[in-house]
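What follows is one structure encoded as structure tokens, with my remarks underneath.
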């Protein structure tokens, strides 16, 4: 397989008499500080103005959907948090919610509340870094360091709860890996004060900052209908005026018991997306507040032994008796374990970047027959060409960081 | 329009297209033939109110007793009424071609390119149908059920640089 | 005719060698070949909490021309391998390579058609960091190991 | 007496700059290879050619930059001695800045600063 060189775009030979500059082709390539990942754009430019932009992806295609067809449902949880590595918990929760809806399992109230708290915390982690990186791309480097100090505090919380900073793999079908530590709510409250302070500082730094406003207002604007046609979801769609949030449209895990607004803007440009993300962080904090207040006691796993592992004492012969041992054996051996009934389901959830949907087809065995993920970055990045054509090259950098493209999720 | 009425009206409007209607875990969906898929989806979008194509993906039903081997799944959403609906168009293995819906939604082209890349499904009328996730010189169709998990040796096929030789040593 | 190419004899060169190695050791300019989750941990290592600049290695260069330590952080897909080879080739000579994380070192959980099963099959790697993703402390430990390697570099081995 | 200081200062500057360049040229190992000499374009084979005519706007932007850069360079000697020069000095710099300010404003009006 010789190295796949890209055939250069055919540049029409302009007539000799024309004194204008010929089109220049620039490679905004896979190894580039501003692409935040392995994306490639071949840009045809007239001077600074972008005439045509062709995006090329697949530089991080890791065959997620193929390897998941060789794993049981609980094993695919470890696969799911390698997709969107900015907010891995949202992926784990999305997968667990999808399989539970397929099997018709109702998780315990404590598990649902813990999942909502962790999902909203990782939404804050994703948004704060996106705003930080966007500011860094436009020149304000210090904001990225502020964002990272907040993220480090969130890493401490995630590590305290799940054991890992980034690849958490915390949820299981029908419950969680383990319960939250006793000092969980006090640690989260401590983060919330410093988080609010840092976010308002970042807001103060960027909101009326002439450089930031000039670089982002009116840049890469997309109208509401066009965003729907492009399949944009999440902050991009809400910035274009369409008030659509899967947590409100199709509530899961009890999101309908919390009051929070859906921040939307009208212009649909880079500045509007930044505003939506910042306001969404405040909304997430409101949700975490309410969830912490009503965090119920009780078990975190569904009590159905066919799905959830029996606890240690249930397994030992004197107390648990023969059933505990048999269920433990059945849960781990081939052909046993979590086996949803034959059928398929598409369950969307609201990830920080947009609608993260799992389309699972089960053929009755414990391995998914088809494990399809609807990644928000895939459809958001498709609109990048439309947003940056006609603008300047430096505008396309601002637009790219406002889309918050995660290559792992993009190429799956 | 909520999905259940969508299923009935579809069965009346396109009786010969709709193969069967199903429902699983509270989610109705419909199996259709591939011939008039564009008109069917256009009707669903314009009159059915399903204005967003949330996801388009391919499925390989190798000897699973489905009408055909390949299937293209369209997951539709209505942002106004929050309703969801799924249309599954079946494509025979002998001639895996189906009309492209890139004229109806701008989110379709890349998803169709991925289905082409992973399953080898051709989309008639697609603006620029070529591989999207794998290199153009890649031979196989990985997500097909009969394709080996570890591929056919493409991952070893690169020149090797060693420190001593300071140059290509392949 | 570089400083290494003069035939080394006697103690004179060891002092020059020691000086050059000391200079190179403390000013490693990393080329972050960041693709996936390990890149986020690499960014965490460079951020203010696990500050990599204590080792003189925080000057992140995105062009291979000005960097001498390539940190391959993240999984390498089929399409990315030619890019990795080209960038490794375009880095000027005294260069070292860290393979950060399980995916870069051995393919990690992705033993499938799309993933390179370890970059050491194609480019020479000096230090491997286990972990998925490795903690920032182990990235710093890897940088220190690279510094030990640089310290013991002999000129004879160069030309 | 004044000039020896300036000459010394210039000599040191040239020595440092020249020294860095020549030392790295002499001591640096050079291993040329076809792959290494290719232009770096984000890790892929270069697309298109650079031997094309550039748009004239780049020239305009460059000239405007040089104009205002030199303006600040001329301000430095005044800034060093502004106490001693007193009000007359301030007046002269005012005129200097007014002329260039007028240039900037008129350039802005005629869309010189826009990319179009």
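The letters A, B, C and D name the chains in turn, as written, and every chain counts its residues from 1.
Basically, a residue touches a chain if its C-beta (ideal position, glycine included) is under 8 Å from a C-beta of that chain, and two chains touch if they have at least 3 such contacts.
Because the structure is predicted, anything quoted here is derived from the model rather than measured.
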Most distant chain from chain D, judged by the mean position of its C-alpha atoms: B
If you tally contacting C-beta pairs, which pair wins, A-C or C-D? A-C
What is the distance in Å between the mean C-alpha positions of chain B and chain D? 55
Averaged-CA centre spacing for the pair chain C and chain A, given as whole angstrom: 30
Just how far, in Å, is the C-alpha centre of chain D from the one of chain C? 34
Note: chain B sits from chain A at a C-alpha centroid distance in Å of 23
Identify all positions of chain D at which a residue touches two or more other chains, and write them in rising order. 31, 33, 35, 42-45
Shared-interface residues of chain A (touching two or more other chains) are 3-4, 29-32, 58, 61, 63, 66-67, 411
Could you check chain B for residues that touch two or more other chains and list them? 134-135, 138, 142, 149, 154
List the residues on chain C that touch chain D in their complex, please. 1-5, 63-65, 82-84, 86-87, 89-90, 92-94, 158-159
Along chain D, where are the residues that touch chain A in the complex? 41-48, 50, 52-58, 115
If you look only at chain D, which of its residues touch chain C in the complex? 26-31, 33, 35-36, 38, 40, 42-45
In the complex, the residues of chain A that touch chain C are 3-4, 29-33, 37-38, 58-63, 66-67, 78-79, 82, 85-86, 144-145, 148-149, 151-152, 155, 165-167, 407-408, 411
Of chain C, residues touching chain B in the complex: 78-79, 81-82, 85, 88-89, 111-117, 121-124
